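Two complexes come next, and they have one chain in common, subunit A, joined by subunit B in the first and subunit C in the second.
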Partner chain A sequence: MRGGMSGMGAWLWQRLTALYLGAYILVLLLALVFSGGPSAGAWQGWMTHPGVLLASALFLGAWLMHAWIGLRDVVVDYVHPFGARVTVLAAVALFLLTCGIWGTYILIQAASSWA
Partner chain B sequence: MRFSIYRFNPETDTEPYMQDFELPDSQVEPGMMLLEALLRLKRQDETLSFRRSCGEGVCGSDGMNINGTNGLACVTPLASLKQPITLRPFPGMPVIRDLIVDMGNFYNQYRKAKPYLVINDPVPEVERKQSPQDREKLDGLYECILCGCCSASCPSYWWNPDKFLGPAALLQSARFILDSRDQATSERLEQLDDAYKLYRCHTIMNCVQVCPKGLNPTKAIGEIKKQMLKRSL
Partner chain C sequence: MRREGRPVFLNLFKIRLPVPGVASIAHRISGVLLFLAIPLFLFIFQRSLQGEAGYAEALALLRHPLVMLISLVLLWSLLHHWLAGIRYLLIDVDVGVERTAARKSAWTVLVLAPVLTVIILGVLWL
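For the complex of A and B:
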């Protein structure tokens, strides 16, 4: 297998992250539906539970990786001139990086409620 | 029976155009295939150019875009087609003249798949044997006639024809990767493991839809990925 993020590696990671993203969303929806109509406070409490928070952090990472591989695939398919490709990929990377920093900030805030 | 056919002669035309043809009903016989109609239209206009040879879906010469779908003219019944029957050359391939395209790149990609057995052992006195079970694994792979219908219908091949091998060549890759007698399986898999050669396939499955031999390149590609995964674990 060639270094991680191209060919087989990228293909495999895209599928593994997809499985996790799907499972997380499903569990989250089930929890929301079957928790008997929780108040915002109860929901917030559940979301800041360390286990759930860890799952959410993993979700953020998996989502970033999944989005990067997928968007990069689209760019590699359609955007051929080198300059344009680098520009679009940089824009995608910047967007995902911003999402990542923002998401991490939210997670840290949620974790700080333990104190 | 009405036809609308793509015409382009590089010696006289600056741009391609669609030309209408009419085949009198008296010349249309029951059960007639599209190729026969084309041959009769060629009697009306001898400059109409297309490739054909065996006329029974074995040689793969008369691949073209028929009413928007790639297929072989010789095995496409006229009765199955809506009029006017629109004929164009394969999409995404350079046109040489009328319905004739330059398949050079297609054959280059086929060459890259190394479509022959690689065996390092000395030549045996008798044939190289294979169990019936191992031989069965090649069913659905060896029947390809290289007509090009699949690759010319594949969007991934349209966008990256020089780097993505395309369904036809990948079907051949699978045919030799899965052959129990081949001794270059690792090299074959390693060669395919990059961003383009194999992994531009996004399982669009146009290839499966158009294959006149009823083959399934998408399944073959999946089989290559499975072998690659097995090897990397």
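For the complex of A and C:
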């Protein structure tokens, strides 16, 4: 498992993505709680705002990257036989890739409400 | 089969797993739960953006008893992972590394996550 996302690079990315995820989630939770649960119009207004969409697109990327590095650490700790490890990691990668395509599609749909 | 001196039951209060260890295992478990929940987040998010009807449907789904139970677990996971994550980031930059400080912050995270979970769901559900 050398090259690409390994060692110090992965460690650092895990932390950079954690900071971004943490900030985004904090803002979202505060907005949800202090609006007491938004109306449909308010919610969709926030989420299709171009700045928020951009932030959400970044969130999607950071989310999947963070989850990949994190899950890989967990799998490497518990799944030792080579074949099993490769299989589980491939399943995780496929799962995240599918979520990435789906998430991108959702954001494009949201953007098409104003574009 | 019982040998002399074999404990009859496990007294969980007598097993002293270090508190930072508990917070650390919970951080890992919550991370895996959040990973598994990504499709659920995406599904509800997608529905919630599909007009008035989609938004109402998303809210109704969030009110389904099973989904409410899942939300409870996931919100705890999110808050614990968030708080413990920030704790790790602080320790990485040498804040709170010292033993008593690390124990104290681990306790804080373990207590604060369920408390905040209840408060936030209280505001959103009631």
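In this text, the second predicted complex is superposed on the first by the 107 of 115 C-alpha atoms of A that agree within 3 Å, B and C clash if a C-alpha of one lies under 4 Å from a C-alpha of the other, contacts with A are read in each partner's own complex, and residues count from 1 in each chain.
In the analysis below, a contact is a pair of C-beta atoms (placed from the backbone, for glycine too) under 8 Å apart; a residue touches a chain by one contact, two chains touch by 3 or more.
Since the model is a prediction, treat every value here as computed from it, not as a measurement.
In the three-chain model built by superposing on subunit A, subunit B fits alongside subunit C with no clash.
Look at A:V88: by the touch rule set out above, it reaches neither subunit B nor subunit C. In the overlay built on the shared chain, the residue A:M8 is in contact with subunit B alone; subunit C does not reach it. Legend: residue contacts after superposition of the two complexes on their common chain; A:W43 is shown touching subunit C, with no touch to subunit B. Legend: residue contacts after superposition of the two complexes on their common chain; A:V76 is shown touching subunit B, with no touch to subunit C. For subunit A, the partner touching the most residues, choosing from subunit B and subunit C, is C. When the two complexes are overlaid on their common chain A, residue A:Q109 makes contact with subunit C while staying clear of subunit B.
Once the two complexes are laid over each other on the shared chain, residue contacts for A:V52 go to neither subunit B nor subunit C.
After overlaying the two complexes on the shared chain, residue contacts for A:L28 are found with neither subunit B nor subunit C.
Here subunit B and subunit C sit at a least CA-CA distance of 5 Å once the structures share a frame through chain A. Per the touch definition, subunit A reaches subunit B in the complex via residues 1-2, 6-8, 10-12, 73, 76-78, 80.
Within the complex, the subunit A residues that touch subunit C are 15, 18-19, 22, 25-26, 29, 32-33, 36-37, 40, 43-44, 47-48, 63, 67, 70-71, 74, 95-96, 99, 102-103, 106, 109-110, 113.
Those residues of subunit C lying in contact with subunit A across their complex are 28, 31-32, 34-35, 38-39, 42, 45-46, 48-49, 51-52, 55-56, 78, 82, 85-86, 89, 92, 120, 123-124.
Remark: subunit B residues 156, 159-160, 190, 192-196, 198-200, 202, 225, 228-229, 231-232 touch subunit A in the complex.
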